[in-house]
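Once you've had a glance at the structure underneath, I'll fire off some questions.
We call the chains A, B, C, D and E, going by the order they appear; numbering starts again at 1 in every chain.
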Amino acid sequence: MSFEPKILGIACNWCTYTGADLAGTTRLQYPQNLRVVRVMCSSRINPSFIFKAFQLGADGVLVGGCHPGDCHYNTGNLYARRRLAVTKKILEFSGMEPGRFRVEWISASEGNKFAEVVREFTEEIRNLGPQTKFKIS
Amino acid sequence: MATSFKQIEENLKTEAGKLLDAGKVSMVLAYGRGYDEKHPLPYVARSLADVDGMVFNEYCTANLARYLVRYPRGTKIGIAAKAADSRAVIQLIQEDKVKRDDLVILGIPVYGMKNAKTDEAIDAKTTCGLYNPVIYDVLLGEEVHGQPVLSPYEVLEKVEAMGQDERFAFWKKELDRCIRCYACRKACPMCYCDPCFIDQNKPKWGEKSPETGGNLMYHLTRFHHLAGRCIDCGECSRACPVDIPLYLFHKKVAKECEEMFGQAAGMSIDEKPALINFRVEDSDKILE
Amino acid sequence: MSQTVTPFLEMSQAIMEAGGEALKKCYQCGTCSGTCPWTPITHFNIRKLVRYGQLGLDGIEEFMWGCSTCKFCVDRCPRGVELIDIVTAIRNVYSGGGMLPQSLRAFVGSMSARGNPWSGDQAKRNDWAKDQYPLYAPGTEYLFWTCCTVCYDPRNTKLAKATAEILKLSGVSWGIPSVEVNCCGESLKKVGDLELFDRLKSANRDYFKANQVSKIITVSPHCLAAFKKDYGEDYEVLHFSELIARLVQEGKLSPKKDLGGVKVTYHDPCYLGRHSGVYDAPRDVLRSIPGVEFVEMERSREQSMCCGGGGGGLWMEKLKGERLSDLRIEEAMATGATVLATACPYCITMFEDSARTLNVDEQIKIKDVTELFLESLGINIDEPVVDTCAL
Amino acid sequence: MSRIGVFVCHCGLNIAKTVRVSELAQFAATLPDVVVAKDYKFMCSTPGQEMIANDIKEHRLDRVIVTACSPLMHEQTFRKVLSASGLNQYLLTIVNIREQVSWVTHDIDEGTAKSKALLNGAVNRARLLAPLTSRVIDVNPDVMVVGGGIAGIQAALELANTGRKVYLVEKNSTIGGHMAQFDKTFPTLDCSACILTPKMDSVMQNKNITLMTSCEVSEVKGYVGNFDITVKQKARYVDHDKCNACLACTEKCPGKGVSEWDEGLVKRKAIYIPFPQAVPQKPIIDRDACTYFIKGKCRLCEKVCEQKAIDFEQQDTFSTMKVGAVIVATGYDLMDTKPLVQYGYGKYPGVYNALEVERLFNSAGPTGGKVTMRDGKEPQAIAILHCIGSRDKNNYEHCSRVCCMYSLKFAHLFKEKTSADVYQFYIDMRAAGKGYEEFYNRIIEEDVKFIRGKGARVAESADEPGRLIVEAEDTITGKFIKLPVDMVVLSPAMKPRADSKDLARLFNLSTDKYGFFMERHPKLAPLSTMSEGIFIAGVCQSPKDIPDTVAQANGAAAEALTIVVKDKMELEATTAMVNPASCCGCQNCVRVCPYGAPFFKEDKGVSEINEALCKGCGLCASVCPSSAIIARHFTNEQVLAEMEGLMEF
Amino acid sequence: MLKKTTVQKLSDLAAGLMEKGALIAPVREEAGHNFREISDPAAVDLDFYNTLLSPKSVFFPHTEDFIRYKTGASIAEAVCVEPDIRPTVLFGVRPCDVKSFEIMDIHFTGTGKVDPYWAKRREAATIFGYAFDPNTPADPADFYSTLGIGAADPEGSDVFMIRKDQDLLLQAVSPKGEKLLSELPSLSDASADDQKYFDGTVAAGRTFKTRFTCVEAEPIAKKFEDLFHNAAFWEKVSEACLSCGACTFVCPTCYCFDICDETLFSQGTRRRVWDSCMFTDFTLEASGHNPRTKVYQRLRQKISHKYSYHIRKYGPISCVGCGRCTRNCPVNIDIFSIVNEAMKA
């Protein structure tokens, strides 16, 4: 059987989650490997959530937020950008494949982009194979 | 020419004595005699009589800034601070854990401090490579000049050159050794949370047992919490009974932060810690 | 001619695909055509060109050669339309169909066969130097990129020598390229032959790579702009006037000879000014020369006129009354200057032609800033110039 | 132990087509703590809602999971069901298996599998949910209006007329704003002063309005319903309580200042009222122009003032107002066209900007309403250039919206007052508005020449010294036009006030890249801002004409009223709180919160959160290193549990 | 019975022992020597002073699983975890550490409630003690002789080993040791000289001095009782203490633990994990109250427990003077210096 990755998505309520809804409303098709947790703002994302997700066996983690400048809470995603960039560097230096963690800015109107990102990311994770480094067995 | 350790010790005693005598501070954080020469002890002098117990030698590596948060806000404290220690003081001032006005910083310009276990010089290996304190009120010796300018990040080369799998194996081997005694966070001047996230049950961020999962969670999250705040004193690694080279990871994160955000921790009291700050112009490239 | 037209959107699509993507952004306000120096004097109308392009209308080929890519319109366009890209794309699409004007055929032919626009023998590219100047080798700091025009065009070899002489005095480490290099291809690109341009470009890039070139000095602003914008690698490229200005400022070169109160005006070459943003360096150089009274023309800096030599214009014949260089000469003379200084071999060629045909070549001299600067250093390289333009 | 009910919706075939809903319900029943799991055709229908309500009672459910469409669709619907059944509404969890599952796949196996994972996450999360209640706070009934232009005046009057107390804060020494500078207003051509000054007077007369001229907001504290706003009263050097507006001082004053009202076209006295109908009609001293302040002696005004109202020692003073809501209506500036050197503004005396021309037409203006130029001559040919800096990527990308119409108005007035030929250089003629197209037609019939092409350059004429040449392409003929004229009128872009970004910081508003205040939603909340209780009206939001500005002002007044009309209000329930036992006093939360909700208790060494200011974004919770901050409804435990559930299957 | 082998043939001995069961012996690691289960006989390394971590983890591992369960399921379905207990040889234990087992036995078996995990492992183990060399000075942190433990005490070991230059002498101490020694073909019989050397070393070990002088337990116990309320004393000696757990985790006689439930997805494990009285949350009560919030209170607890409460309750000092806590303290706090200080106070 081919490898079906498990991907955890964490999406902000105002942009990316709504964008994901729009992808559905417009019936765009994308792989079903992504499971989304809704938070109010990408800045809510604690870096430990990301580490934890990998420990729980996520093969990839996708974070979605509003475009910088469009944050519902003005500046949340600007903090998130820095914090998640550091998260990414830490993952990389710990030996995790850099491709497994991605941050995308997807607005409420970008249903297309949401679907496209999910397709692309799922494919990338599929190519990377199962994530075993952090996974607690 | 740098001032000798003996001379620094003398100056330390003189200056500490003056401060205590004049009542400018209620205590001076310095170093005192341990069970032998190689093992000096962090030491608090509260009166002129205590000053005699002070020592300073190449093994006085402990970062005394770690003790600042232990005393009530507003306590007037004198503190002996080497280069990295002074950065810790600055960082604590940035974070409003201590007030600049409450401190008298006795700066120690020095090189050739040694790790007592290995007898190796630690200058740029496990610490930040600076010789002179960044901030001080009194300097306990001449500024060090003419020593080689060392990049604190050169030691990273080997680990940076590794492939992802090799690097993971490296860190797994190192971190699996962890016995969760938490000496690293307790020795760290910037780790002042009580309780630490890892001690909590709600939420339970990581297991308390010293196994791969909990160890990884504890250390990675701690690296993140110290991102943009770690001042590269190397105390975490020196404190570690099982010699995990935590300093390598901290240095890497500090290096990345400097590159991405253009500021190093503990260099100026007017800055904000990089991760509780942002610039609108920050590039999305940092996420790539 | 029928007054009925049918939009031919495939053609519009082809233009967009050839790099004229910006077509669709235009809302036809007329800022470009109102700004364009050609609109008052020729039938060329840049706005119309875009309009024809938007709808793919027939007849576009009639006036697509009018633009000299001076970039005035691009800087003013309220929609941020990259008009030069559109012109290049249109030329590419149409000249692919064999619609190259006669005067440009020799130009393109020479480029293709000999790697330079002047039908020069490639082996003789460095003849002007008479082995007096060092060749670039790995380890040298600056590559002095000699434009084809200063290598082959007799008037402009003076400029090459002037530059080389100053470099000799400058104390920097430099060398000229070997004869194997090609034209930078800037004009060729603007003429629309993108394929040949890519060929020349990659050959030059190979040379740069093989010789570990990282810093380049150009004498022609056209090469400067090409390297900066089109060559796509991280070379540090400087125009020679910038280098002189820096050396003067650092006190490494100081002009001594007083030129005796000569009144000089300066024409901003489009490719140095608007294309590359260099306005002050040549002026600083002129101002550093003792005995030069510097005057500005009415249209200067960002507002500068075009000489008409860009975008292939140097190789195209223009009727009297339709030459921008004539207008510019008049404007220069109106300031009372006796020297029109500039910093581009194309401008020099265009202005010298105009001064001659207007019969004012005695009243006003055309000089490169570099040449004036060399004079002020007290060096004379003047040799009899034989006008045997290879064309 | 929780008692969880799971309700799986088919949504007709919308979900059922690509998710095996009954299998999903059966799966749910196997999960820990799930005591009832059902599927139904339309859960949001009345029978569906009743089913949930009944099961809550019958099975004593304490958590409800509805597995259906996006929470953004029906979360409110089902929350009401819970409330009505006596269950706290926050104990509901929605699993989105329509927008994010059934509609994005064709494969029923995949769809069912993903739904199970999502449901498992929801069960994990639901178990940890806590009932939340909203806090109720008192509301201050007063309102502050910032900006005394037509928008601010209108809003203040509307509010005052409902009996609210209003503080109207104006930076200048008079209210009236730009509208007071205009001569006529398009398209009706009624006199601007005639319609504005009565309103200005009403403000003065209205006992509910506290008029605060020469004032600026200097600090804003508090939150919706309870703002504490500190206002700086700038020193006027005239005690307005004593002044009886005899204006003897202004006659004697030897000082010369530049008249802002007349756009710098003329001088005014150092002690002055900006214009005859100014409100309040009491003078102030311009420190920079006053002989006494410059040279140390003069004080002529003081000598002539019988009321002893002149006070050279006056200082800036500060006072704090308590209000429940704020309307910001700070208007605009015209862009400075000097940097656009091609148009020669500031270089050629014959080039004017639009506001200068307004003053030329005005009978109270520098020329007494006659159109004479700086050289005293009447122009024979006039070019009006549209879109100067507007619709321009190099300057302001927006259309300034009013320039087409006022340019037409200018053309009409020029025709009326001079015998000049009038040319309009335009890109597109935008005359969308009641009576606007008709006005355009009228101007066409007045024989104004329309040249469709943006003015490209203004130069001095070589042939006729003193005249100007406008260069442009007439895009209709494709011909290059060189038009000799005497006067050029530029219609520049409207931009926000220079200090709009400072004001935005004070009030915690966001701005676009130019500094226009951002509305909460461009369509559905155009007058609200991201800061609760603060509203915007007029051009400070985006360029608009007087009718739209007035409409917005009325709207903003009504919005403000909806807040201050109640004496209590309910706050967001999903706010953050600090667990003081875990707080390490690092103050990260204090530093990052865009709303200023967390604050540091110096004595206890811990942070606390003012829940009235909290919007529930959770940023503070993620920057809290010791996890002391609990982001209600999105707590660390809840998120981690949900993640674990999602990753299990 | 005294047997011998050479250091060169140590791996043969190790291989022989591995046939008898699991062999746990010192191996060289990055940070120092540690006891590890041996898979490669050549890895056994007796060139060490003392191991970094104490051998207590052999009988009392850092984590010990008790039961496994499914979350949401009935407690009746929980399954006990059977510890994997095999015959074990614990090889190369220094006399002070051997002594620590005796102290730990009090807690795990001696108080009436027997901890089956400890007891079974202890029973299955054969201990090869290994003498310090009385001819070289002790590490400055050590103070075992101060507590009456000899540098070469065979007591408590099943087999006791003394190094004689390149030879390794092995003396059976218990019947269990004797039996095992007789079954090891790689050993040869020792000579009379060897026996003399062995006995001499044991004797020399008894007079071997680490730092300080011998102490009596009772006066110390009393002193610490008196000092309990002397906060000034405790604040002073704890001023440098970071309150980390390094000392307790390397200590051979610290036995505090926590019972944790660890779950992943719906699988749960109840396990025992070492805990440390130096941690703030060690005494954190469910109510949120914490009787020991200050560093000095925790340090007082640690030291008083070892040097006072333990004596009162069980007799011996709960310390064997191995020096690990002192060696590993990040700020060089020396427990015995504090004892001395206390006696002076």
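The criterion applied here is as follows: a contact is a pair of C-beta atoms (placed from the backbone, for glycine too) under 8 Å apart; a residue touches a chain by one contact, two chains touch by 3 or more.
This structure is a prediction, so every number in the text was calculated from the model and none was measured.
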Message: I need the common contact partners of chain C and chain E, sorted by label.
response: D
- line: Joint neighbours (chain B and chain D) are A, E
- request: Would you mind checking which chain's C-alpha centre is most distant from the centre of chain B?
  value: C
Field: Far-end chain from chain E, centres as C-alpha averages
entry: C
Task: From the Cα centroids, identify the chain that ends up most central relative to all protein Cα atoms.
output: A
Task: Starting from the mean Cα coordinates of chain B and chain E, work out the distance between those two points in Å.
output: 32
Between chain D and chain C, distance of the C-alpha-averaged centres to the nearest whole Å: 49
- line: Separation of the C-alpha centres, chain D versus chain E, in whole Å, is 71
Field: Shared-contact residues (touching 2 or more other chains) in chain C
entry: none
Task: Would you give the residues of chain E that are in contact with at least 2 other chains, written as numbers and ranges?
output: 264
Message: Quick check: what residues of chain A touch more than one other chain, meaning two or more?
response: 47, 52, 56, 75, 79, 83, 136
- request: In the complex, go through chain D and note every residue touching chain A.
  value: 70-72, 96, 98-107, 110-111, 113-114, 117-118, 121, 508, 510, 530, 574, 592, 594-595, 615-619, 621-623, 631, 634, 636, 639-640, 642-644, 646-647
- line: The answer for chain C against chain D in the complex is residues 27-31, 33-35, 39-40, 45, 47-48, 75-80, 302-303
Query: What does chain E use to touch chain D in their complex?
result: 71-73, 264-266, 288
- prompt: Which bits of chain B are touching chain E when the two form their complex?
  reply: 34-36, 39-44, 62, 66, 70, 116, 177, 179-183, 185-187, 194-195, 199, 207-211, 235, 238-243
Message: Which stretch or stretches of chain E touch chain B in the complex?
response: 29-32, 52-53, 62-63, 140-141, 239-240, 242-246, 248-250, 258, 260, 262, 271, 273, 276, 279-281, 295, 326, 328, 330-334, 337
